[in-house]
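Here come two complexes built around chain A, the first alongside chain B, the second alongside chain C.
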Partner chain A sequence: MKTIPKWWTVTGTALWTASLALVAVSVWLVVTRAPIEQQMGVAQKIFYIHVPSAIATVIAFGLTFAASIAYLSTRNWAWDAVAVSSCEVGMVFATVVLLSGPLWARSSWNTWWTWEPRLTSFLVMWILYGGYHIVRHSVAAGSRREVSAVLGTVLIVTYPITLMSVHWWRGSLHPKNVMMTSDMRGILLVSMAAWILFYLAALQQRLRIEILREASNEADG
Partner chain B sequence: MIYAAVAYILAGILWILYLLSLRNRERSAREQRHLDSA
Partner chain C sequence: MTFLWVTLKDLRLHARDFRFLATLGLFSLSLVLILSFAFGPIFQEPAREASATLWASLFFAGILGLTRALDLESESGGGDAVRLAGADPYSVYLGKTVSSFLLLGALFCLVLPCAAVFFDVGNLAVLPQVAGVAALALIGYAAWGTLFAALARGLKARELLLSVLLFPTLIPIWIGAVKLTHSLWADGTIEPVRDWLKIMAVMDVLGLAMAAWLFEVVQEAGE
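Coming up: the complex of A and B.
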């Protein structure tokens, strides 16, 4: 019977320790060292959680796509486990983006929400990837992995639309490039490293559930 | 300042809730596995 290997638990502890320490450092840097932007003031510091969370979302949904393709090619349950776990953790990051975005928008655009291309396409992507989980839990167990893998593959169409929306459509309020000082760039890099490591730790933690479920499935025969 | 604080607090609450749900689901999966192997 499958069980969680010792090395998996050790790796998880190391990932959580490193990621939580780095997140704490990044928050400390944001609070104490990040320069206060002239136009937006302190509210601009939302940037240091908004952008890394968006990057982590892109990585998470990208891995869902790659793992879905791998599952369809090999029918190995582990790829399905990676796809669903990455998608779920990605949804939490995407929700952080959608919560922090309006707070930033209120400060810079004087509105909580506007139906401009990047915001709209990101919201559509969030809804569709949420649908991935609803569909996965709705279909019969026998075809769950295949249906999920097909969805995980097809949903990648939202990816370039969201990424390129600021270039493809006019009237986008979302900045294409952000002017940063070297201090801001350094703190952004630390924040990115912290949240990407946090994503890996959460993904590894989520995969434990899939390993245990697979063990139960094997026991059921 | 209040917007930045709210953004970080909301993100923190969301992650804590998610990680708690992961812990509970792992516990349920572990119990189920023990039932299956019994």
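Coming up: the complex of A and C.
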């Protein structure tokens, strides 16, 4: 029967400690050190949560794609566990992006929601990856991994559309390049590092559940 | 030639189920009618509203056609027979895609004149171009739809799940079809929105390529 190795627990504790410490530092920097943007005022600071969450989402769904392909090639359950865990954590970050976006939009564009390409394509991606979880829980256990891996692979089609939407469609309100002061850039980099580390800690924790579930399934025969 | 036999088998199954075909036709016409009421009675931009109505009706009604094809196969045991005969999975996929494409094409032939007449945008001069746009859109719809329908086979509430997965995936094809049809009906040319042809073609090729790679796994998972 599979058990959680000690090094896994130690790594998890280290990841959580480091990520929470870095998140605390980044929040402190955002509140006290980040310059207040002239036009948007304090609301611009949403940027330091919104952008890192979007980057974490991209990494998470990208890993789901890579792990799904790896599962289809090897049929090793561990890759399926990585794919579903990463997708689930990615959904949380994607939801943060979708919630923080309207707060930004209200201050910057004077509307909670607008049907501009990046927003729309991101919402489509969120719906599709939500569908991934619903399908996974609707499929019989015998074919769950195969169906999930196929979906995790196919859904990557939304990836380039979301990433390239600001270049492909006119009328995008999202800028192609963001002008920042060096202070802003530095704090954004710290925030990115903090939230990516937080993603890794959450992923490791979620994987632990999958390992325990696999062990329980094995024990049940 | 396997794909041709699968296509013929599916078309024969559809032809035997005339009551379903009639319901499908009436359902798509009802959608056209409801959307006409929503936009009308005085249309602001008939070409835009007609193209949106045409493609929304086709996409919604098409879902029923895609799931029905698999239901018929499960009921008759045809799918098992094809697998036991050792047919190449991609040939089976292609056969199903072609039969879905033909079913959607028949639906298009029914809905197009209704949308054109109800919204008064009929222009026979651009009919070949509209048919070309439809071919490109329906190939993509059939390619992705067949893959997703096979994936959703045996699931509870699969029509709902299929809609949740398929419609968002097909958004580039849907927007392209609406924009190109609108441009043809409004201006008689696709020049201002020509780029959408490339996007639709890429989606078509992607759908067929993904299925070539993954359909065997999907088929195994369904067994």
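Couple of notes before you dig in:
FYI, the second predicted complex is superposed on the first by the 221 of 221 C-alpha atoms of A that agree within 3 Å, B and C clash if a C-alpha of one lies under 4 Å from a C-alpha of the other, contacts with A are read in each partner's own complex, and residues count from 1 in each chain.
Definition applied: a contact is a pair of C-beta atoms (placed from the backbone, for glycine too) under 8 Å apart; a residue touches a chain by one contact, two chains touch by 3 or more.
Quick caveat, the model's predicted, so the values are computed rather than measured.
Once chain A of one complex is fitted onto chain A of the other, the partner contacts of A:Ala193 are absent, as it touches neither chain B nor chain C. In the superposed model, A:Ser138 lies in contact with chain C only, and not with chain B. In the superposed model, A:Leu163 lies in contact with neither chain B nor chain C. When the two complexes are overlaid on their common chain A, residue A:Val51 makes contact with neither chain B nor chain C. Of the two partner chains, chain C is the only one that A:Val147 touches; chain B does not reach it. Of the two partner chains placed by the overlay, neither chain B nor chain C lies in contact with A:Leu20.
Set against each other, chain B and chain C differ in how many residues of chain A they touch, and the higher count belongs to B.
Shared contact residues on chain A (touching chain B in one structure, chain C in the other): none found. Interface residues of chain C, counted against chain A in their complex, comprise 147, 151-152, 154-157, 161, 164-165, 168-169, 171-172, 203, 206, 210, 214, 217-218, 220-222.
Those residues of chain B that touch chain A in the shared complex are 1, 3-4, 6-8, 10-11, 14-15, 18-19, 22, 25-26, 29-30, 32-33, 36-37. The residues of chain A lying in touch with chain C in their complex are 72, 124, 127-128, 130-131, 134-135, 138-140, 143, 146-147, 149-151, 153-155, 157-158, 161.
The touching residues of chain A, when paired with chain B in their complex, are 1, 27, 41-46, 49-50, 53, 92, 95-96, 99-100, 103-104, 106-107, 202, 205-206, 208-209, 212-213, 215-216, 219-220.
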